[in-house]
Every structure is written in C-alpha cells, then in structure tokens.
Amino acid sequence: MFSIKVNEHIQIHLIEMNHIEAMYEAVHNSRAHLRRWLPWVDQVKSIYDYQPIIGSWLQQFAEGRGFQAGIRYDGEFVGMIGLHDIDWASRKTTMGYWLSQQAVGKGIMTKAVDACLHVLFEEYQLNRVQINCGVENFESQGIPKRLGFELEGVVKDGEWLYDHYHDLYQFSLLRSTWLERQQG
Amino acid sequence: MFSIKVNEHIQIHLIEMNHIEAMYEAVHNSRAHLRRWLPWVDQVKSIYDYQPIIGSWLQQFAEGRGFQAGIRYDGEFVGMIGLHDIDWASRKTTMGYWLSQQAVGKGIMTKAVDACLHVLFEEYQLNRVQINCGVENFESQGIPKRLGFELEGVVKDGEWLYDHYHDLYQFSLLRSTWLERQQG
Amino acid sequence: MFSIKVNEHIQIHLIEMNHIEAMYEAVHNSRAHLRRWLPWVDQVKSIYDYQPIIGSWLQQFAEGRGFQAGIRYDGEFVGMIGLHDIDWASRKTTMGYWLSQQAVGKGIMTKAVDACLHVLFEEYQLNRVQINCGVENFESQGIPKRLGFELEGVVKDGEWLYDHYHDLYQFSLLRSTWLERQQG
Amino acid sequence: MFSIKVNEHIQIHLIEMNHIEAMYEAVHNSRAHLRRWLPWVDQVKSIYDYQPIIGSWLQQFAEGRGFQAGIRYDGEFVGMIGLHDIDWASRKTTMGYWLSQQAVGKGIMTKAVDACLHVLFEEYQLNRVQINCGVENFESQGIPKRLGFELEGVVKDGEWLYDHYHDLYQFSLLRSTWLERQQG
Amino acid sequence: MFSIKVNEHIQIHLIEMNHIEAMYEAVHNSRAHLRRWLPWVDQVKSIYDYQPIIGSWLQQFAEGRGFQAGIRYDGEFVGMIGLHDIDWASRKTTMGYWLSQQAVGKGIMTKAVDACLHVLFEEYQLNRVQINCGVENFESQGIPKRLGFELEGVVKDGEWLYDHYHDLYQFSLLRSTWLERQQG
Amino acid sequence: MFSIKVNEHIQIHLIEMNHIEAMYEAVHNSRAHLRRWLPWVDQVKSIYDYQPIIGSWLQQFAEGRGFQAGIRYDGEFVGMIGLHDIDWASRKTTMGYWLSQQAVGKGIMTKAVDACLHVLFEEYQLNRVQINCGVENFESQGIPKRLGFELEGVVKDGEWLYDHYHDLYQFSLLRSTWLERQQG
C-alpha cells in the first residue's frame, strides 16, 4: 500500500480498487454522522457505486490533478483526505476530508492534514492550500485553525446539502506562512 | 454565429474555430494592456497556440461545464467572457472576462456580464455566480460592484502573474439577490 | 441561449442539455406526424433516450463537424435544424430538419433554413449545401425549391423508414447561386 | 495477410501498418496519374504521412464503419478500394477506389469492385452501394456502368480538386438489382 | 470476409461483429468440451456477452497488437486462433486457439497454426512465437510438437480454471528454426 | 510521496511527474551500466522523453494494471521496480527492476523486491509472481534465487538488446511457497 506514515497509528494511502469494501464500510457505518456536512452520502448506496468513483479518482491522480487518499488508524479505514484538483499555473489547491463517527476526537484529522501539507508545500511545491468548512461545522473548522490557516471570508451558499444551501468558511494557508511555522 | 444579443452594438457568441484570427488579433493588439492582469497573454504567441485552446473550450461546452464566448462591438471582436466550469451539484460557477484596450470605457463589459447573468440564473438555473478580481484591478472590480455582487473576502496569492502572486477579491451574487434586483 | 435570430418570432439555438424536456415534448406531441418521414421517432421513448444523443450532438459541434439546433417560435420549441457533418475538404454539408405538427404551415422552416444558409455560406464559407427529402414528402420538398435549390437526382432506397426503404430527392445549392440570389 | 481472393492474379486485403511502404510506393510512382482525380495525393509527401491515416482506417474497421483495402496484382500493391463509412440504419455505403498508372487497362478494378459487392450485399447484408466519379473521369465511370449501377444524378461541385471544384456522377446499385443480375 | 486460405476446406478470417452468432453457436455447442481447458467459457452466457469482446479484439487489431481470427471448415465456424498482443520491441508474440468438439481429430488446428506462422514470421517479421498448453492437455500439446516448437519449461499455476490453478507447458519457435524447417 | 517503507534507508514510491528529474539523473549517470541488460536506455535522451512514459505508467496504475515505482536510498533516487501488467483472471504478474551503478552491492534490490512481494501476495492477493533475467545477467539472477523463486525454464530470444536477441531465465514464486517461507 503506497502510503504516507503520519505516526505509529495513522497512515494515509492512495485509494486503489481493492480498498473499495473497507471504504464503503467506513461510510456505511457513519451515514447519519457524515450526512450532516457531506453532500454525497446518499448517493453511495452500495459497493458498486464506488467503482466508477474510484476509477475517476485514480484518473485524477494519473493526470497529476491531485490525490484521493484513505486514512487508516491502526490499519482500519477511518476516513479520507483529498484534493479538488491542483491549479499548477497558480500552484494552489483545495483540500477536503471526512472521518467516520467512531474515529472523531482523537486528533486524527489534524495530524493527517498536517502530514499532507508537507507533501503539498515541500514535494509538490504548491504556494497555497485552501480548506472550506460549513460555518456551523465547528469540528471541521478546528482543523485549519489549529494548523495556522487564515479565515479569508464566507462563501455564501457555497454548497448544496440535500435540501438546502449552506455557507462555507474559506480558509487558506500560504507556503510562506507554513515555512515560518515550521521553523518557529 | 450562435449569439446572445446584448443591445444594438454588443453581441456575445460562442467561440468556434473560425473565430481564431479575430480573437488572436484582439489579444495581440492589446498585449501590454491585457498582460497587467491576465496570466496567459505571453503564452499566446501565434494563432496556432489558440487551436488546442479553442478545442478544449468547445469540449468544455460539449460536456456542459460552461461556455467561452467572444464579445463583439459593432461586429468587431473586442473581448471574451467565460465560465471556469459549472458545479451542477451546488449550481454555482465562477465567471471571468477581458476587454481589449480600445474597447475599455464604453460600459461594454458591465452590459455583457449582466446579459450572461440572465443565462446563468434563468436558463441554467444556477444559484450562485462568483467573480474574482485583482485587489488593485479597479476597472475589473467596478463590474461586480455595479451589478450587485457582494465582496466575500480576499483570496491571498490567488493567482500567479508572470513573476509574482497577487491577491484577488472574491465577489458573489446569489440568485435570490439577483431576482430581487430584477424586480426592484 | 446562444441563438440566431431569424425574425421577431423565430429563433434558432444550439441545443444544450437543459433543453431536453422541451425537445422531448415537441417530439412526443407530434409522434404520428413526425413518424411519416423520420426514421428515429420510435427510438425516442423517454427523455432519457435523448441524453446520449444530445451529448453526441454537442461533441459534433465541439469537433467542428456541424451543429444541431432547436427552432423556437415565440419561445416555444417547435422543431430542429441540423447538419450531417461538414466536409471541410470540399466545403460541403447536408442539412436536415423537422417541425412539430402544430407549427406547420406558418413558413417557419423556410425562414429557418434561409437563416442557416447565411451562416453556412458567409460565416463557414461553405461552397455547397445539400438537402434530401422523401420523393413523396411534398411539404419538405417545398423548402429547398422555394430557396433556389436545384434537384440533382433521386437517391434510390436512400433511407429505411421502420418497415421499408423509400427514395429521396437530392437537392443542392451552391454558394455562387446563393450569392447571385442575394444580390438579385 | 487477411484478404479476399478475386482471381488467380488479384487479391484485396485489409491494410495494416506493415503495408505502408508498398502503399506509398504505389502512390508515389503514379502521382501525376492519380492527381488528376484524387484530392489527397499532394498531402502524401512521405511514408510518415500515412501512419496516422492507416491508424484511422484501422479504427474505422474496428468500429464497424467499413474497410480500406489494398489491391494486389500478382502480389504487387497496385491500388486501393474502400468505403466512406457504412450507414447501418439505412444499410448503405459509398465506395471509392484508385489504381496506379501501370495497372490500368487490365480490368483489375472492375473485378475488385465486383468482389467487394459480394462482401457488401451478401456478408454485410447492405441494401445500397453508391459510387461517385468525376463527370469527365471516363475510366472510373466505366466500372459502375459495367457492374449494373444506375446513374442517379450529378453532384454539383461535389469535390475540391487542388484549385477547383468539379462535378460528380452519382451511381447506385441496390441489393435487389444485384441479386437479379447474379441469377441472370 | 478478409481471410487466409489454408486449404480447400480451411479458412482463417478476422472476426467482425457480423460473425457474432456463428461464433457463439460454436462455443455454445461445445461448452463441456471447451470448459476443460478454457477459463472464459462460463462467462459467455449469451450472444450479448460477445459484443464488447469482439469490440476489444477489433481494437487490438486496429492498434497493431495482433488479431483474433475465426476458423472455418467448409464454411462453418469451428474454432478460433489469436494472439495475446505482439511485443514489437522484441518481435515476439504468444498464440492461443480452440476448436469445437465436432471439429477435433481432422488436423484442422495444426494446419491453421502452420498457416498463421507464415503470417507471423514472413509478413510481420516476428522472431519468436510462443504457445502455452495445459500440461495435461495432450491434444493441444500435439500441435506445437508437430510444428517444431521446443518445450522451454513449465509455467507453474499459469492459469486459473474455474476452481483451481493448473500448470502450463511453454513452447516456443524461433524464426531461424522455422526458416530451416521451411527449406528442409 | 506515497511510498512503501522497506527499512530505515530504503523507500519504494509511486512515480509521479515531479520525480522526472531525479529519475532521469539516475538513468543518465548509469547509462553504460544499465545498457548492458536494459533495452530502453538509448531511447531516453532527455528529460522530455520521460513525460509520455510517466503518463503511461500512471495510466497503468489508474487502470489497476500494476505500478511503476522508484527506489530511494537515503532519499536518493537509485532505481526502479515495476510490474508488466497484472493478469487478474489468473492473479499473476511479472516484475522488473533496475539499479543505478553506484547503488549496486548493498542488497537494496533484494530487499525492495521482497517488500513488493508482500504487497503482491498479501494486499493484491496474487497467486504467482514471475521474474525474467538475462541468462548471463548474474547479478539480476541472484535476486529471485535469494527470495525463493524457482527456475522454470529458458525463454529463447526473449528480448531484443540493441543489436541482438538474448535468452532469459524465467523464475516464478507462488503464493503458497511464499507463505511457507514467511512462516518458516
């Protein structure tokens, strides 16, 4: 499994087709939890719905437009972290993530995002990483705040969530800020 | 020419391959002017550089991800207006535009953007349209301001411009606001 | 809607995916009428049958092989006009069209074809436009006749129509003839 | 070599990439002869120009849209015979062919076209085969005439030939006529 | 039908979509016989299962990666012979084949493989042809043995056969050996 | 960098486009060394030759047909290990590898192949892994021998090497043998 080791417990790995069952289970067992802030949960009705999706994620990776990765905690599939395409001309990207209900509260995602920032700023030499969170999704907001992201503004009606639009906070972190923080 | 009539002088039309010369001329004759805020000007060295670009624009249109349109003033190609892909799940898009130097100052772009808003909100039934402008690009900012867009925030280092990143103002207009304005 | 304005009532516009319902309704409400001369009517059983077809039409447009356009009369979808690919080497194409039952008899199609001839001869600089009509489809034949097309011959068994082949009249109009008529 | 045996001397075979040299030689040694009626001769400047063309021919065959075949006389590549796509809905196609200068006058092409008609009418179960010839290309016209094709009309300006358009005779043969002739 | 004539009775032809029924019948009528050594028999449940397969075979041929051919005995479809891609860098390929139950025992396949060797060594100028057979498939082994192939080794668990892996004999024939045999 | 950690010094990672320079350097600095047994060295004349190759490797990965990975020793790019497509029906693959001159002799490749075997047998649940080595490439042969592979036979003229064919030893390791070795 091609992966990034975060610490002794946490591993981030590229999603391949053979992870389909573990991924589906993680989603299926947290439907109510995930549905609060993620618009795609109801579309994943069975394992077969994930086949074309994983295919498109691998295609995204093959074309250098970013990765979609699984997060493992002690080997168990507990969430995902991924990029909404990379803009190489302006060297920027937007990151998204989710965690299954039982994995919340252990600091897993903050550490996973932090590890991905190393890949994005050091390896890919990006200049800017953006994270959008629902304005009332307090758990999700904690992650960019803890990692030194700056709140840039509010994206009005930024996302459709089953039966309503909701606003998103737009956070960003620049390479220069991140480098300072690394040295500080 | 499949077009949207803005008024007696202004016409917005889908760009097809046979417009390549008129479009190149418009860019070539305004290089210094356009280069101030557009990152792609130096890449367009000859008419041939536009062939794959127009091909990808037509492909974008064919896949329902938005249009790239030319703006004509009394028949002359004076600029462009286009969409950075449509997010149908959240029914939102981001709009961009440019005008050749000699066409500036006639209110052409405000009227063109306004006409496009009708297409986006009425025909495509989108919910949100975003426009990003350089924080020091005062001419460009005037357009969303005049059309009722709201300033949402500042996108730090939002775009690479030849030798530096610059910040962008992020404006948005919601369908509900636009409808009120139409009736007001 | 990117369109060609024919007159105060008639508009010809590129077909995009959001026109699928209006187009299906126009066909569905004229099935018996259209079935007499069009071989594809029975294949369009629901709105979903049109999704891949519209996709292929937009792809045809994106590749510069011609357009498929809707005809609106006072805003209502009443028919279509389109090209069977463009032969750029010999600068020629073949045009087809249909009109819903209730729109027949108002001269709509003659005016729509005439407007398209301007696009084909002036904008695309084609040299030859062909129209094929069933030898007993008298309404359809009237259009090329009124617009100065010349009868070139009979295409024996030119088209399969559900349970039999039927012959087609082959009409053509050259750019030179069309230019003379414009000036006459 | 997958081929159709016409008689002891003549063989028609699908063109594969390894025939590129023999095919180029046949064209190159008859340039002046072929140029009189074929529009593409000047575009074939070297063997490399044929690589993408053969690729597209094989793709046409793979998609069931017809074949492009070489004609061998005592093993030597002397010409080609091929289809301009098959219209399966109306079970019809148009056939084209050319012969190198030194192979003319031996009745090769009439026999080759006749052999192909067996494939088209019997194996593919087509209903109609069309052949177009320049109105002054008397040699070419002799072939459909000898094989029972009927003249349907004149395609005005049917083809661009380097510096002018020329008219084409349109011939056709229906399956019913062909079957009668076979039994007669 | 583009074919290679083996003798008065046997013909090898490229498989096109219109052969789908004859091919399916040949497989369907020999299921028990073919199932013993071929892993794909149970996947072919109806004629429709062959549509994408034939499409991929034609695509293989179009890309110059080898052919999949039907074998006819007195016109009847009795089996297949094909290549598992051609390695043009090392000019080698692997050949496979099957014969319906009622056609076994007439020496058909030995003659068909021999005819294909002429195509591969003379026309395609390959240097090496490989054939793999189940170590207990004595009928199949007879063919490479009779044609001068050399046994190179045993491929352990070389193929999955419904519920178990089985070992394969790996035979090869080099062009130099084949040329000697031709002259001998 | 998505990677498999072999030990404190050795890391195996999926090759992405941003590794192109490090990979080219590793090849370029070992040309004479690599040329002895690898047929592709002369084709890699500049960094640009690797762009389409890396693209096709990423595509192979995206389609689940195997990976092409870089080997790092203390962070430096010293070689590659990859799969020649995966046969999922028979759950088998063939593995290849190379090491730059200065990295030879440290046991790097044996450990890297061993680590990959864990991925192939445990994660991908393959049943058989094959390795081919030139019969006189003693260094390369040492690796499968040390890891418990069995010699199955000699592939005559198995590979073209610039100006001659050479024979290959064919080694294989079955999952059952590997599992025993793990427990032993």
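The chains carry the letters A, B, C, D, E and F, assigned in the order they are written, with residues numbered from 1 in each.
By our rule, a residue touches a chain if its C-beta (ideal position, glycine included) is under 8 Å from a C-beta of that chain, and two chains touch if they have at least 3 such contacts.
Because the structure is a prediction, the values reported are computed rather than measured.
Engineer: Touching both chain B and chain E: give me those chains, sorted by label.
Structural biologist: Common neighbours, chain B/chain E: none found.
Engineer: Which pair wins on C-beta contacts, E-F or B-C?
Structural biologist: Output for the comparison: E-F.
Engineer: Roughly how many whole angstrom separate the Cα centroids of chain D and chain E?
Structural biologist: Distance between chain centres: 32 Å.
Engineer: In angstrom, rounded to a whole number, how far apart do the mean CA points of chain C and chain F lie?
Structural biologist: Roughly 58 Å, centre to centre.
Engineer: Show the residues in chain C shared as contacts by 2 or more other chains, in ascending order.
Structural biologist: Chain C, residues with two or more chain partners: not present.
Engineer: Have a look at which chains touch which and call the overall pattern line, ring, star, complete or other.
Structural biologist: Contact pattern: a closed ring, each chain touching exactly two others.
Engineer: Reading round the ring, first chain A, next chain B, what is the order of all the chains?
Structural biologist: A, B, C, D, E, F
Engineer: Enumerate the contact residues on chain C facing chain D in the complex.
Structural biologist: For this pair, the touching residues of chain C are 39, 89-92, 127-128, 150, 152-160, 165, 170, 172, 174.
Engineer: In the complex of these two chains, what residues of chain D are touching chain E?
Structural biologist: So the residues of chain D touching chain E come out as 1-5, 13-14, 16-18, 55, 58-59, 61-64, 67, 69, 119, 123-125.
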